[in-house]
Amino acid sequence: MTAQNPPATAPQDRLGVGNIVSELRALRVASQRSRYGDGALPALPSRKEMITIVDGLVAALFPRHFGPPELTPNSVDGYLTFILEKTLRALEEQVSRELKLNSHGSGTTALNDAARAAEIAVAFAQSLPKVRALLDADIRAALEGDPAARSHDEIVFCYPGVAAVIRHRLAHQLYLLGAPMLARVIAEMAHSETGIDIHPGATIDESFFIDHGTGVVIGETARIGKHVRLYQAVTLGAKRFEVDEDGALVKGKDRHPILEDNVVVYAGATILGRITIGKGSSIGGNVWLTHSVPPGSNITQAKARSDSFDNGGGI
Amino acid sequence: MTAQNPPATAPQDRLGVGNIVSELRALRVASQRSRYGDGALPALPSRKEMITIVDGLVAALFPRHFGPPELTPNSVDGYLTFILEKTLRALEEQVSRELKLNSHGSGTTALNDAARAAEIAVAFAQSLPKVRALLDADIRAALEGDPAARSHDEIVFCYPGVAAVIRHRLAHQLYLLGAPMLARVIAEMAHSETGIDIHPGATIDESFFIDHGTGVVIGETARIGKHVRLYQAVTLGAKRFEVDEDGALVKGKDRHPILEDNVVVYAGATILGRITIGKGSSIGGNVWLTHSVPPGSNITQAKARSDSFDNGGGI
Amino acid sequence: MTAQNPPATAPQDRLGVGNIVSELRALRVASQRSRYGDGALPALPSRKEMITIVDGLVAALFPRHFGPPELTPNSVDGYLTFILEKTLRALEEQVSRELKLNSHGSGTTALNDAARAAEIAVAFAQSLPKVRALLDADIRAALEGDPAARSHDEIVFCYPGVAAVIRHRLAHQLYLLGAPMLARVIAEMAHSETGIDIHPGATIDESFFIDHGTGVVIGETARIGKHVRLYQAVTLGAKRFEVDEDGALVKGKDRHPILEDNVVVYAGATILGRITIGKGSSIGGNVWLTHSVPPGSNITQAKARSDSFDNGGGI
Amino acid sequence: MTAQNPPATAPQDRLGVGNIVSELRALRVASQRSRYGDGALPALPSRKEMITIVDGLVAALFPRHFGPPELTPNSVDGYLTFILEKTLRALEEQVSRELKLNSHGSGTTALNDAARAAEIAVAFAQSLPKVRALLDADIRAALEGDPAARSHDEIVFCYPGVAAVIRHRLAHQLYLLGAPMLARVIAEMAHSETGIDIHPGATIDESFFIDHGTGVVIGETARIGKHVRLYQAVTLGAKRFEVDEDGALVKGKDRHPILEDNVVVYAGATILGRITIGKGSSIGGNVWLTHSVPPGSNITQAKARSDSFDNGGGI
Amino acid sequence: MTAQNPPATAPQDRLGVGNIVSELRALRVASQRSRYGDGALPALPSRKEMITIVDGLVAALFPRHFGPPELTPNSVDGYLTFILEKTLRALEEQVSRELKLNSHGSGTTALNDAARAAEIAVAFAQSLPKVRALLDADIRAALEGDPAARSHDEIVFCYPGVAAVIRHRLAHQLYLLGAPMLARVIAEMAHSETGIDIHPGATIDESFFIDHGTGVVIGETARIGKHVRLYQAVTLGAKRFEVDEDGALVKGKDRHPILEDNVVVYAGATILGRITIGKGSSIGGNVWLTHSVPPGSNITQAKARSDSFDNGGGI
Amino acid sequence: MTAQNPPATAPQDRLGVGNIVSELRALRVASQRSRYGDGALPALPSRKEMITIVDGLVAALFPRHFGPPELTPNSVDGYLTFILEKTLRALEEQVSRELKLNSHGSGTTALNDAARAAEIAVAFAQSLPKVRALLDADIRAALEGDPAARSHDEIVFCYPGVAAVIRHRLAHQLYLLGAPMLARVIAEMAHSETGIDIHPGATIDESFFIDHGTGVVIGETARIGKHVRLYQAVTLGAKRFEVDEDGALVKGKDRHPILEDNVVVYAGATILGRITIGKGSSIGGNVWLTHSVPPGSNITQAKARSDSFDNGGGI
């Protein structure tokens, strides 16, 4: 009945929202078609769920520091049973979404994805005690490596390097088990919180310590031995990217450094390419290094000049 | 009736709060008088509102990734209509506050500020489809530029460089339209989240990609062409600040670099002053550059020495 | 009655949670015994409480910018009385926890810890007006030092350097008064938010300004004079760590630089060791400096080469 | 390794929680077995979801009063599209759970339940405009029937009788469509909020008004005509329950009153059994009525005595 | 460009949301036009704001019971200054909305409404100490009138009768000052929470106590003297409604009872019409009373019969 | 320094908040002195904590219905261990507050109160399995007693009578153990939610069912046998209150009815005084009863008249 219809909505649309919605739809649909064709869009993993999952896992690993404050020695195992059961099932659901996202359009059935997600969740669960043992060694390394460190509790509580490594060790398990996108989500949550950017693919052995940490970048295929210590703004990167005959990037090749046991890398050093830093070496601050060095090397950068002022650097 | 009055409050004020409140008031009032005189204080923009506004805009641009999880293809346009109408009106209110803050004490009337705020909100709204189109190109650039990137969804979801550029492109519109303080609020929200500090005044063309990103700083008058790629800790800064006859800083002059199309700047490079990096140039990691270079240049830094250990760099 | 008992739980424990909980308990108990023996575990400070406390203190210092939006000139002192009383008592409780954590196992009684916590809370409260006065000078320094800065309000609202210094000045008081772990918690909250890592032990005089700030690291024993300005990625660090006869780190010694009044340090500069940068000196971007320089020095780094492209720096 | 195991937990279990958990499990398992045998327990509907669903439906019916405050004429339809799509899908999920709960152990497959749930959701959606039209008439009846009523907006906003009828009309649709448990959940939410207890099975025609409402009870098989008005504490109940040969209650029979058009029932009246109150009748306050009355009847209770005080009534 | 447009949305609209939104719009617009014509819709008061306002007022009246738990004797006045300033300004805004809603379409200007709202807020504020004094007397009356009452704190904390009277005394001030719709919102919030329905127009003198309270209804023009006590399910109602020549209800006339000082009304009694219950009278449980009684009356109901079972009452 | 002081605050205090705060303080202090003298005010129990505690207890009793939705058979015991440990400790703290509130000013030491609170918490914990067993019988009684009841799950989920009885059985334990104020807080929470007001002192045997429930009031010393069923608006109250020689109420005497096994009381019936309703009796709707009746009685009220309309009952 026309009498009941509203007047033309145009005069009400003072901000022009109607047109903007249409234009955004056109752009969105074009983008989605280029990836998914005309079919239904697969569900995405949920950032909010991943935050809850990581919180649950960290609480399970260090319940006294990151669990609910009401925990007692008598209730901590009960709580862990609850939070792990809940968190692992939520993780299984997110893994399942990642698998389905990948198999979208392929012949893989949803059933296979769900079964594989369950296997991944179980294997991930089994890795947790190993992760905790590694982290205990990491915390001891922090206590030994930082003259300002006062106690185990302070380190667990405050150190961004430890916060980043906790999350990396969890993300790395997911990466190994076949959920690299979720692993990346966890890594970027840690990156945002700490300024430390460790690709979940990086392999890091026990007793690892990053001090201060802002600006550290560790690449996907880096391999780090035992008792390695890094300071802020250290880069373990790729020297250059290989391209194939068509000019496209070659993905997945080993392209980041290997640091053997007991290496120390001081602030701002940049180590690039699939080179090896020999056992016990020290790489000085701000050093730029693109070739392997033997065990026991001490590498430092050239001295700065001290002369008349000719440049700025401010913004 | 005196019998009902409390005893002198001094004995209860164990922490001395009364005196502290008085002293803080004196400091606060002195500070406010130096800026606003004895008149009423103008209302400030609201950080909390700005967070809600940016969340709303990002959800409108990428509803599948950042909108509510319950969205369906059937409801997404309805949701966008709602969230844009709500968000743009909230933005209009905040713009109006910024304008009033600036016109405080001047002859401009509140009415003019409100009318100008409405114009800015409409113009900002109209820019959103263009912003989305630019971002689509940015995402494609990320997919092409990072060998570790697996999918469009992973990039939108996880990449801090993309998160920072989404927010920059929004902030830049506000900067152009005359709301530089709100633009700065948005830029600093992105800075805090990603470690990437892009001044909202910077002009950035399509297909821009920042990888890793922590420590990147891009100055107010920088101009960046198409298909430019930056890595972590790159600075596009000012060489030195000009001062006027009275020794005060000269504000607003072009003082940051121009990067032409297809330039790549590797990690830690510092490029200072109103210089031009010619089309297709590569600036190597940690390079310090204060002069223009022609198209196709490859700039690298001096090699590091490899000798006995004499400095640290730890803290 | 056996008929009412559930069947063996094994078939339900699809994810193997039972075993994981047991293994995590064993690791946790071993770790706790190594630190606390068989006794009861002391309560830890609460991160959540510390966040609330810092929010309360910042609101008390700058109520117009960070207090509740409903504040009016007529209610601001009442609000400050409430929020300070509440916040200082909460702080007293957390200080008491830190003291008990430290005295755990020693002869100190809990009563002494509580009395000391009360003294610390009172002394901390008394320092707040001094902190606000210092911050007012810091804000003025920002306004004078950044050509992009438009207003006092924008600086308080948006500048990460100011956010970090507000929190540092609070943390430093706690450090001096004997609550170094809580001080560190506050410092790391600021670090996570701004990318600026100032150890709470660092001594910083008035009119201090950090621009951009991501990657700045300032060590525990650094001393900074009046009117000093730092840019992003500046390190004021230790040259090397002394070890005692047993190879253990010597803790607590002066090992970080002294910056006299009116020093400027440009982006990426690294200054290491207990050296003195003389009054009014400028340290150029990316400079690496491990020796003292006299007042008025201008230090810059070596020039970069400009030659054929041979390295990357991407990841 | 035994050395890592905690001591027997008994001394820590000061509150005896371990035993209580065991005893509660035994009771719980016994109760569940009596209903579900040894199989898996079916998922229950979620009260929290149902609260969200009802909030969504009420917002869709009266967006100006119960939708988000930021709605504008320009965005209201978009919002409704979003909230209805979201709410109806959530309802479909809850209906599906109710159907599965009922078919638990029967031969019905989960697939059939899901298909049936989808049909119910669609049919429910289609009933919403009819529900809104009925409610518009109810609100008009309230405005005409209450001398204290000032405006349409006040009635929608404040009147518990209207709040209860909105929810009843929604619940009744679910009841008719085959989701009686969810219907009951909605009815009890309204009951808790308003003190008005309308069984979702009750059939109520247009222009219905309950004033004050606390204590009103309307039974499952009651039928109420147009323009009926009830006051607080009115009961439309069953006279007695029929039992079958085994003494079990006969369920589902018509056992509550029929009120024809234009009936008024004053506060505290009790009308019991499958009787008919003829068109236009008035039933006085506190009347007890167990037989039908013809159209136009005026029924009042016996007068109270006025004599010496002999009873209390307090507690 | 057609290629970018989505396919017709019909197949995606499985739930038929599009049609429902259209039908609801038609109904909504028709309803709004009948009240407001084609003009803009006035803003409604906000229930959420009213809840916050009532919480603030109750906290100001009884800060130890209903204020934040961190209040101390030293901070309570500061908190009250803050919460009252905030709450009264929020109330002023809501009063302004109510006045504008009423003056919609009339010649009254928005400016007059705002000025009137400010006057109402000030007058309301001034009434708060009087309200608190009345409530202190009400609480004493509860302590004296209930054999199960143990302490002042228990009564303030737990008694629904006291909760309802606190809110009534606030609502009554708003009613008197000219904001009857907000007054009604407060009354219905109390009604929902306690089951006690007091119209904000009712005049109630000091030392008033309602025990249990569920089902109590007190009409708009009721007048209650000092030291009156009511039990659950008491009605102070209107006998019948007067209609004018056109059959419309006559609104605003005195139509509810007057209870003089020291009257007690036991559970379930119904007192109707503009009658007077003389000083010191007792009205027995379940009594039905429609005529005045002199001071000192004791009214009881007729005795129940005790005979064969012939009716039910269940549902 | 006077120049820094604000101008007199009077012109800013538009709402007169300063005076109101002073007047409220005078009233508050006078009220507190009359109860506590000049000493410190004891801490009050926390309503918010009690809500959390009751939620925790109800979740422990019926985890599938009221626990977190993520519970699985594998995690339910762990969750119960956690939630009970947490909830019982929180309850212990609240009991301790109630005891201290009572012993305020007496010779009892805080230490004794804490020890007594611990005993009460343990004894309360031990009663929980018994409470669950009673509730299982109550639920069965509901299923058998209501022809509209469909399933065990529906009853636990939806029935206000069951919700009230769950809370009563918890409150009753606290009442018996010596925490009557907390018991009352729980009872009033149930009262507000369901309209059913059961004093925590009332003794209620197994298989108890209240249908509909709004307006039910059960007094402190009432005793109810097995298999009793009540309908809405039933009062089990005191006939009159005894006063001592000074006219003060005699508290604590048995003054409410005894209902023997298998009694049914229909809606609106009022039973007053320490009388006994014999086993298996039925009390009809709206009956007013103040004398004992033998086992097997059927009591009904007098018939209503059916004559000309002479009263209203509306409001």
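The first chain written gets the first letter, and so on, giving A, B, C, D, E and F; residue counts start at 1 in each chain.
Here is the rule we go by: a contact is a pair of C-beta atoms (placed from the backbone, for glycine too) under 8 Å apart; a residue touches a chain by one contact, two chains touch by 3 or more.
The structure displayed is predicted, hence computed values, not measured ones.
Peer 1: Give the chains in contact with both chain C and chain D, ordered by label.
Peer 2: Both chain C and chain D are touched by A, B, E, F, going by the contact rule given at the top.
Peer 1: What's the chain with its C-alpha centre farthest out from chain E?
Peer 2: A
Peer 1: What chain lies farthest away from chain C once each centre is taken as the mean of the Cα atoms?
Peer 2: Using the mean of the C-alpha atoms as each chain's centre, the farthest one from chain C is D.
Peer 1: What's the rotation angle, in degrees and to the nearest 5, for a C-alpha fit of chain B onto chain C?
Peer 2: Copies differ by a rotation of 120 degrees.
Peer 1: Tell me which of C-E and D-F has more C-beta pairs in contact.
Peer 2: Looking at C-E and D-F side by side, D-F shows more C-beta contacts.
Peer 1: Measuring from the mean C-alpha position of chain A to the mean C-alpha position of chain C, what distance in angstrom results?
Peer 2: That gives a centre separation of 24 Å.
Peer 1: List the centre-to-centre spacing of chain A and chain D in whole Å, with centres computed as mean CA coordinates.
Peer 2: It comes to 49 Å between the two C-alpha centres.
Peer 1: Approximately how many whole Å separate the CA-defined centres of chain B and chain D?
Peer 2: It comes to 52 Å between the two C-alpha centres.
Peer 1: Which chain A residues sit where two or more other chains touch them?
Peer 2: 6, 14-15, 17-18, 21, 25, 27, 72-75, 77-78, 80-81, 84-85, 89, 148, 195, 199, 212, 214-215, 217, 219-220, 233, 235, 237-238, 241, 267-268, 270, 272, 285-286, 288, 301-302, 311-315
Peer 1: Any idea which chain B residues touch chain E in the complex?
Peer 2: By the definition above, chain B touches chain E via 6, 9, 12-15, 17-18, 21, 72-75, 78.
Peer 1: Flag every residue of chain C that touches chain E in the complex, lowest number first.
Peer 2: Going through chain C, the ones touching chain E are 68, 70-72, 74-75, 77-82, 84-86, 89-90.
Peer 1: Quick one: in the complex, what on chain F touches chain E?
Peer 2: Contact set of chain F toward chain E: 14-18, 20-21, 23-25, 27-28, 31-32, 35, 41, 44-48, 101, 148, 180-181, 184-185, 187-188, 191-192, 195, 197, 199, 201, 211-212, 214-215, 217, 219-220, 231, 233, 235, 237-238, 241, 249-252, 255, 264, 266-270, 272, 282, 284-289, 293, 297-302, 311-315.
Peer 1: Which of the residues in chain A end up touching chain C in this complex?
Peer 2: 60-61, 63-65, 69, 73, 76-77, 80-81, 84-85, 88-89, 118, 121-122, 125-126, 128-129, 132-133, 136, 144-148, 150-154, 157-160, 193-195, 199, 212, 214-215, 217, 219-220, 232-233, 235, 237-241, 256, 267-268, 270, 272-273, 285-286, 288, 290, 301-315
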